[in-house]
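Some structures are shown below for you to check.
Shared chain: chain A. Partners: chain B in the first complex, chain C in the second.
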Partner chain A sequence: MPVSASSRSVERLARPLPAILPIGLLLVAGAFFAVNGFASARNLANLGLQASILLMLAMPMTLIIMSEGLDLSAGAVLSLCSVVMAESLAGGHGIASALAASIAVGLAFGVANGAMVSLLALPPFVVTLGTLGIAEGASLVLTEGNAVSGLGSGIATLYALDVFGVPFPLLVALATWLATYLLLHYTRFGTYVFAIGGNRDALVLAGAPAWAYHIAIYAFGGLVSGVAALLLTGRMNAAHPTVAIGMEFDAIAAVVLGGTSFERGDGRLLGTVLGVATITVLRNALDLLGVESSLQVVSIGALILLVIVIDSLRKSRRVQTA
Partner chain B sequence: MTRDANDGGGSGQPASPVPLLALRNVSKTFPGVRALDDVSLELHAGEVHMLLGENGAGKSTLIKVLYGAYRADAGTILYEGKRVDIARPADARRLGIAVIFQEFSLVPFLDLAQNIFLGREPRRLLTRLIDHARMHREARAVLDELGLDYDTRALAVDLGIAQQQMVEIAKALSQRARILVMDEPTAALSERESNALFALIRQLRASGVAIVYISHRMQEVFELGDRVTVLRDGRRVATLPAGEATPDQLIGMMVGRAVGAVYKRRRYGTVGKIVLDVRGLTTATGVRDVDLNVREGEIVGLSGLIGAGRTEVARAIFGADAIVAGEVQISGAVVEGGPEQIVARGVALIPENRKLEGLALKRSVQDNLLVASLWKLFPRGWYRAGAAYRHARALIDRLRVTPPAPRRLARVLSGGNQQKVVIGKWLAAGCRLFLFDEPTRGIDVGAKSEIFALIEGLVEHGAAVLLISSELTEIVHVCDRAYVMRAGRIGGELDRAELSEENILRLAMHER
Partner chain C sequence: MMSGAAAVRLRGQWRHRLAGDAGALALRAALILLIGFLLALASDAFLSTANVLNVLRQASLIFLLAAGLTLVILCGGFDLSVAANLTLSACLAAGVIKSGLPPWLGVATALACGTAAGAVNGLAVTLLRLPPFLATYAMLWILQGLAFHYMGGQEIFGFPPGFRALGTGFLFGVPVPVYLMAAVLVAATVFLRATNFGQEIYAIGANPEAARLSGIPVRRRQMLVYMLSGLMSGLAAVVFLARVNAADSGMGEPLLLPVIAAVLIGGTSLFGGVGSVMGTVLGAIILALVINGMNLLDIRAQWQPLVVGVVLLAAVMVDLVGRGRRERIG
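Now for the complex of A and B:
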């Protein structure tokens, strides 16, 4: 087979960055110069803290969406984990056992979501809508609708900890990013995330237990929610049964903004991180401008549509000129 | 010992007494279908065992039983004389059985190395993390063995169909299998790529690998095969040495009645006015300065190796890709615009990948047949179910789609019948110019003949046909004349007297 030295017949193609990069930068620049108080050192530190929990939810959400899935229960499960953690602390247990209890609850929901999606082949949208209801209900039952407080000072101290100048919550979030990155690109689990989303039959035919890996994707989400409860509870030194509900919207938005596809198993974590940063900056800037929360949701929705439209226009032009 | 079998060429007498793998009286039943009925098959080290049969004869089921994707209801499998249970694909892998599937099993957003080693990723001892360096090195070695220069870091999503097929082959090869099953591996390959594969198969055979090879191309049976097994309706008709078989005999066994080996054009009619006139066509997809025309009542071939730009020409004519220079005239008028405008001018494109582009698999046969002609049938926009059903029935009868059930999902039809539905869709829309891109890819012999009979019927009614095919015999026996493409350009034109496989190849492979 004749081969010219200069070019291969199949080459690795550069993949364009999603439109979130320039738009996100524009937003940050706009906030920096136009929004009063945005550029203050205190606000910027606050941004890092605000982004931490969202980043943690968005990392496993990226893998779930890559596998042609969805997790609507992420926010409700995080709330429940936080409640369980707070109840445990209030009951006099140490942080380690409270964290273990929280992780156990998160894992249980993750495995349940995954099992129904993987073994029963139910649509992820419906499955996680159901578990969302169960988690939310369980939180309300456990707390009778009230906030759980009186947790002692341990968890608040942990939350306020600085490790070589990096706030503890940001450190945990960055560790989650690193762990997810390693999982996605350096383990079989990660390779099979691409395969389950892109061509699940191929994985089955390759002799791998695709069903187990499929469950593991959702279980990973539950696990991270269990850890994220540490930040959520520490931030307020209390737990509120519905505090994180709706956060799945921001997490899914961040993933979509980052260019992860709902089909074919395409995605990247860096895009999601940019999505998280953009949403956090947007919400923060709107807060400072005194825009109410419901209008913030409108602006995030508009941002998603803007980015998706731009990306799809670029893609169609690329196909035409390729 | 295994070498002896090769020396005999087609003697069919295996030297090794214990077969590497033996199926004994295997049966598999699905609701309503006996897919495999008491089939026995022996596979020896160092033989190429051809498996022939029409679609639905049980070849695919047999492979799936071998690979553990299905479990046989009855019968036993012996590996080197010992009974084994192949319940899962992982069991088959352990026994050294690898399959090159016809339905591609690549993951789009993994790179080639990850695809080749899917399920067998090399990992570092201590950390259990994937050893990317080693994986790419080994993938490189396998691709080199196949003479492929593909970048192992390229994503599968960026590959064309022929390239995907070659990666499938690399994937199976990398398993160092003792038993290699190939399901129509050359269906998507050009002549040149096929020859590279054949050389490799001979090499594997010499090293003692047993190869099961499913083919719809008679030529391959005699070129490659040591023994041939013919299946029909889930039963084994016969196993015989390839050297003792004749094409007509094998086809007779497959279909249960004698038919001609290749479809031969019945009548060459008189040709009329020019319908399609392409001048200086150049596109961003690699087509360079192409001139061609097709007249009424004429089947014009567009031949060439895969990658020569044939599909790209068809897409540009159809308005699916932008034209950089040149023009396309339909019936004397220059056309501009996208597929909608082209369809309105009576042009139909029957694409290569019918499952992706030509059919709505989850809709009924009727819906698929009528989708392009709904406005013609119901100009006021009111859908009348009865009339639609009758119309679909008439088309189904004319096309001889089996089963003749308008409400059946398109997905469950065989490849040949799916293709008929795609053709019927455009028939219903009253098209006059048909662009066929590999219409018989992956279709069994009987259905091929029916599809060519349909195409011939089209031109007898005055339609014009541009036929893209990688099977040289199809071009030679079906077309009035043919253009041969090479590297995006027309390499030459052959009239009916000049049409031969040698002439086409000469034009297609001529170096600049």
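Now for the complex of A and C:
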């Protein structure tokens, strides 16, 4: 492995930056100068909070997409985790046990997704569409379609906590980034993420337990959703059964914008982080301009298209010159 | 054009496939009878004429969307945007009719909007070479977003009786949508089985590289199936709008999972090249029965996404079992 690993990192360094970098910078500059209220200290602090949950969803989504997978259930599972956490808190349990319950639910969905994708070789987007329905239904059944409130003040206090000037939600999100980075680049698990996306059949033929690592990729996503529910629930001091459905679109968009490929085990977390930042800035600026959420979705779609076209044009030029 | 030898080979496969189909279709028909029998035992209302017609109308709506999706999946693609496409097409048609323009213009709007959205899907897949599920997933959100924006949280309701007949009317005691279902079934089956176009779609789904090498214009055919799928969304939008007499920006969304499940239960393989529109009809009836059963048994609406999610996963397993059998034979 060492030879291929080092040549891979050389290739990684030599590869040009995805188009999201200049476009993202342009967008930030535009928002900074042209959008009223964007540059205020309060709004900039707000951006960090807005980005944290999305960043947490997008980190495991990067690994999943690198493994030629997809998780359409991420938003629905996050909603369900938040519901479970809120009901547990409302039932008088402490934050630790509520978090444990939330993580257990997230893990269960992650393992189920991973098992169906890995062991049964089913297409990830259909599997996770099915579990999306199940998670959404479970949230609705648990809450009868209503918001869960009356959680006490503990979780809201935690959400508002500052650790050396860094807001708690941002801290959790950055810790997730760090953990994902370490997992991807310094563990066997990470090597398998690259390899499963690159050529899963070769791994299986070589006798490697690819199936277990494949499940672990989705399980990691479920685990992070369980933790992210802490932020989602804390932000509103309540849980709503369908509040995060659709957030998976932003997460997938961030990964695609960041230049992670669906076709080979290839991707970088930094690209995804840039994607998250770009989407957060775009949504925030459009909010300030009074553009409704439905058109924000359309603009994110247009942005993806733009980046994909630019990247594919650059790729074809590179192939021609090579 | 396909070479003569390839055409002959495909026709030969067709006979083989038809024989294999008969057993699979009989199995699905038996499943329909079984579910129907159980529902008749559980609820007195099930066998009433009104309810049976209701199931057929629901099945035809699911089928219209599922027929388009079947074509795309047979061709080795996927279309996650069918339900969102229905929503936008129905909302635009509702706006056109409500503004006082003649209803046929509303119908034309829905068909044009559906086809145009399908064309965008086709371009994203063939020109930008995006993975189909990704391109159509983005389209799902874009179409849904446009529908939200267009409706602004409002509802448009109350359409002229002539238009409503497309969804609620009867001809010789049979609902009009059922005729549409039959017409689409016949047209799609003839298209798939008896034309070179149709054979090429199977060939592309089975092995795109081999199809390309044997001279099939793969990208043009892919473009065609996405546009047909969009057209079917537009047609389904007309039927749905005429039936419920109201348009809102959330109308199509609950249909997505049942439609996918109907295609898979109907025996069309997610991996392309295997399946039939006849199977999809039976799948649509099964899904309509499941939804109808939940209503008859007073299962609360909150359970519906969960049940449909489970049914979808079960449907994927059906595909898995079918694939295992084919691989053993092949």
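To be clear about the criterion, the second predicted complex is superposed on the first by the 307 of 322 C-alpha atoms of A that agree within 3 Å, B and C clash if a C-alpha of one lies under 4 Å from a C-alpha of the other, contacts with A are read in each partner's own complex, and residues count from 1 in each chain.
Definition applied: contacts are C-beta pairs under 8 Å (C-beta built on N, C-alpha and C of every residue); 3 or more make two chains touch, one makes a residue touch a chain.
Just so you know, these numbers come straight off a predicted model, no measurement behind them.
Touch criterion met: A:72 reaches chain C, while chain B stays clear of it. Using the contact criterion defined above for the overlaid structures, shared-chain residue A:140 touches chain C, although it does not reach chain B.
Contacts of A:132 after superposition: chain C is touched, whereas chain B is not reached.
Looking at the shared chain after the overlay, A:26 reaches neither chain B nor chain C. Within the superposed three-chain model, A:297 lies in touch with chain C and out of touch with chain B [touch as defined at top].
Applying the stated contact rule after C-alpha superposition, one finds that A:206 touches chain B and leaves chain C untouched. Annotation for chain A, partner touching more residues between chain B and chain C: C. By the touch criterion stated above, A:122 is placed in contact with chain C alone, chain B being left untouched. Contact residues on chain A toward chain C in their complex (touch as defined above): 70, 72, 116, 120-123, 125-127, 129-138, 140-141, 144-145, 246, 249, 252-253, 256, 262-263, 292-298, 300-301, 304-305, 308-309, 312. By the touch rule above, chain A contacts chain B in their complex via residues 1, 3, 8-13, 182, 186-188, 191, 194-195, 197-199, 201-208, 264-267, 320-322. Interface residues of chain B, counted against chain A in their complex, comprise 67, 69, 88-90, 92-93, 99, 101, 103, 105-112, 114, 118-121, 123, 128-130, 132, 147-151, 153-155, 157-159, 163, 192, 196, 284-285, 321-322.
Listed in rising order, the residues of chain C touching chain A in the complex are 78, 80, 124, 128-131, 133-134, 137-139, 141-142, 144-149, 249, 256-257, 260, 264, 270, 300, 302-310, 312-313, 316-317, 320.
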